[in-house]
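In what follows, chain A forms one complex with chain B and a second complex with chain C.
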Partner chain A sequence: MFGKGLFTGLGITLKRMLGPNITEFYPEEMPNLPPRTRSSMGLDPEKCISCNMCANACPNKVITITSEKGESNKKVLKSYRMDVGRCLFCGLCTEACPTGALHVTQQFENAIYEADELKWDMIERAGKSRGRGEQA
Partner chain B sequence: MGLERTEELSLNMGPQHPSMHGVFRMVVTFDGEVITKIEPKVGYLHRGLEKLAESRTYTQFIPYTDRLDYLSAPHNNMAYVQTVEKLMGVQLPERAEYLRVIFAELARIASHLVFIASTALDMAGWTAWTYCFRDRERILDLFEMSAGSRLTVNAMRIGGFNRDVPPEFWPALKSFLDDLPEMMEEYFGIFYGNEIVMARLKSVGILPKELAENLSITGPVLRASGVQYDVRKAEPYGIYDRFDFEVPVRYGCDSYDRTLLRLDEIRESGKILRQAMRDIPEGPVTAKVSKIIKPPAGEVYHRVENPKGELGFYIVSDGSPKPARVRIRSGTFINIQMLPIVALGWKIQDLIAIFATLDAVLGEVDK
Partner chain C sequence: MNALNQLPLNIAAAIRSLFGDPHSIWADLTMDIISIILVIVLIVLAALILILLERKVAGWTSQRPGPNRLGPHGWFQTIADALKLMGKEDVTPAGADRLMFKIAPMIMFALPMMTLAVIPYGHGMAPIRLNLGIVYYLAISAVSTLALLMAGWSSNNKYSLLGGMRAVAQMISYEIPLVFSLLGVVMITQTFNLSQIVADQHTIPFIVLQPLAFVVYLIAGVAEVNRAPFDLVEADQEVVAGPFTEYTGLRWGLFFLGEYGNMTAVAALTTTMFLGGWQGPAILPGYVWFFLKVGIIIFFQMWVRWTFPRIRIDHLMGLAWKVLLPLSILNIFLTGVGIYIYQLIVPRIGG
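== the complex of A and B ==
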């Protein structure tokens, strides 16, 4: 019978219309992202040993690290910058980190207004997120 | 009056057009409503991936392969890492091989769901689109919880995986597979069984078997033209020879069969996933590979069955940590050449249907 397919489709739609709602009400309700989600990078400056392995692992030269020699000839992190505009969010830098200082975070609201804001000062960001009581 | 005459109309479609699946452009010439000539113009999404590979190490190029056919990123990862592994002669742990099959088949289902959704959308069927995307979301959640990203998964490494999937992955996968038959019934009811869809797709855009073979068409487009050819069976890679599955084939050669074949493939992928889930052993997921990857000098070609066609990587190594040359053989780039031949003589709305059933992803076409 012509039109049978149309009515079958309408029946499915009607059934789903009366079923449970599956929409996420973002931004009123924040999604609960799994801990492996690579939405941003976070740095724990105390753990960082300035070994430059993250910068070497990066395909796009996003990370720039400067360090200075501290007591007992150990490297001390001076600045840690990421040019996120070039970042692929592939997570190779966090995999390369031997101490777990650089890690992925689930902070996905990264929209900004100015291009300069894409240059992240990771030490400053770590301080800010600690001020808000979040995990760095 | 001698000055009165009919003229052919030239119409530019794309690169920004709702039904162009990205940034594909074609210049179509019409005689009245009938297409007389099509000139496809590609390259709007060209990022020079093959050249970029030469300045990246072997591992650093893996995230770039995600951006080829971005609807099934694990397939591109797999094609690339398996090519490098073939060159290096790496033997993978069993668990990693099984996980690769699971990721690849999940990506195949996700990619075909987008295909059904976008074809429905091109036929102005908004509702079917939402159903497919609702279910694809569950696959993307599986990718996210195990690899950390939904679309550009970047899950595989040379020598296996960077880490094992979390324990919550398995119940989520099982529940998805349990719901799969019901989902497919819904797609059939809401899209395939619809009379409007049938009228728009049946007998439209006939691609005869001989033409398909002569044009080197691969993937579901070829199989819908009656050729039972699938790299997973013809030249099994990984551990695909251990699974019991059929290669779906249809003989209609038209747009409707090309669409329906994707549904058959989802069913077969579900079968492979169930077997992989049952047989997967415990153990490590990474083979012992040195941190700096330096394949021996030489060249290698390896191909896999992408949801859209045959995806091949040709790598030349000079023994340094960076490839000397990478060449990508992408399925859709070659499949798209059927368009100027097959769509001749059809009307503009049929052209949309024919192009939709090609399932072109411009990331892979333009590279």
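== the complex of A and C ==
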């Protein structure tokens, strides 16, 4: 029938109108991210054995670790810094980590005002996120 | 319910009774001024609500919520936009025809005001009763062509001029099927008086007797107010915004107000001519029925706008002259035959 397409079109828009919205109200509601989103790094300092594998795996030399020898001649993590400005969130460091201390998180609100804030102190951040009750 | 139905008439009578002679010239003048103010309020309110509704419908058709930041569900968005428009600088382009440039938006706003003044909103609630209501309505609504051409010509801008020329070509072409589609109703009722036409629909709305005319009128009506899919006049991708390109601030706002006023006027005339105007089951007052029907027509116009892409200009002309005009003439012929048969049969069966 001539003009049948017009009614098909009207039907589709009506269905869209009555159907649910796909908009995410982001600042009020957190978006439902895909499970393998990589948007931040998180460290569990207790698990870290300061082996430096992550720093070696990193293609951009983002990670710098300092450690000192403990009582039983074991390395103890002293500081764990990431220069996130150079990080491309490839996740190679987390794959290299033998204990699973380092992991990618979905925390994506990383906007900052000063360039210096890009240098993350991972131990401090781990403490903070534990204080907020999030998964470290 | 009857009291609610008669409420506007009773208020009018109360105001008239404040004068010594309720039918003196001063009483008439006061009532006229009040009704014109009411019509202006109607247009402004309609624009405020319809602009938001349009953006909501636009959102819903593309699975978005539409404006939702300002006020409950974004209902104050249009008010904020109107305030913003008022605060903007009023720019007249260099080389513009200043007088025409300034008059055009005023004409555009005055026209829906004049057309909506003859619409019967309820039983005995036409602000101005005219025996030639339809003729007056069509004559006035045709002037909006002139306003758009004035705006396009005076802007000193090639896109505006193109838009103005398109407005003339489109609106004059669609005026003809528009008028011819209304002729069927006039043939049945034998009157141009809008109140009488509504009163004649107390048994059956004319959409049942004139379905073809209704469809033709609806299409031509959308084309008359230059809305998508017939928005070639202001087609953003082709002629920027046509006649509105050079307008800023409140002058542009007046055009916008006029556009939504025209849309309301076309919907109001559709309701009056085909949907039985204020007639309806007595569960609601007549004027509520009227505005409900107007709302349905306006929603349909919005639905169409956000569904169809813009029509090509040669197809636009082809549709008017090759499809709608023959259809409306066919409708006049069929109506004439129907009336003749009716007149032949009814006296014999004693109708």
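Here is the rule we go by: the second predicted complex is superposed on the first by the 115 of 136 C-alpha atoms of A that agree within 3 Å, B and C clash if a C-alpha of one lies under 4 Å from a C-alpha of the other, contacts with A are read in each partner's own complex, and residues count from 1 in each chain.
Convention: a contact is a pair of C-beta atoms (placed from the backbone, for glycine too) under 8 Å apart; a residue touches a chain by one contact, two chains touch by 3 or more.
If you're wondering where the values come from, they're calculated on a predicted model, not measured in any experiment.
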Touched partner set for A:Leu6, first chain B, second chain C, both or neither: both
First (chain B), second (chain C), both or neither touched by A:Lys128: neither
Which superposed partner A:Pro59 touches (first chain B, second chain C, both, neither): first
Which superposed partner A:Arg86 touches (first chain B, second chain C, both, neither): neither
Which superposed partner A:Gly19 touches (first chain B, second chain C, both, neither): second
Greater residue coverage of chain A in the superposed arrangement, chain B or chain C: B
Common interface positions of chain A, toward chain B and toward chain C: 6, 9, 12-13, 16, 22
Footprint of chain C on chain A - complex, ascending: 6, 9-10, 12-14, 16-17, 19-23
In the complex with chain A, residue positions of chain C that touch it: 57, 59-65, 303-304, 306-308
Chain B partner contacts - residues on chain A that touch it in the complex: 2-6, 8-9, 11-13, 16, 22, 33-34, 36-38, 57-59, 88-92, 95, 104
Residues on chain B engaged by chain A in the complex (per definition of touch): 56, 59-64, 66, 127, 131, 134, 144-149, 152, 154, 162, 166, 186, 189-191, 193-198
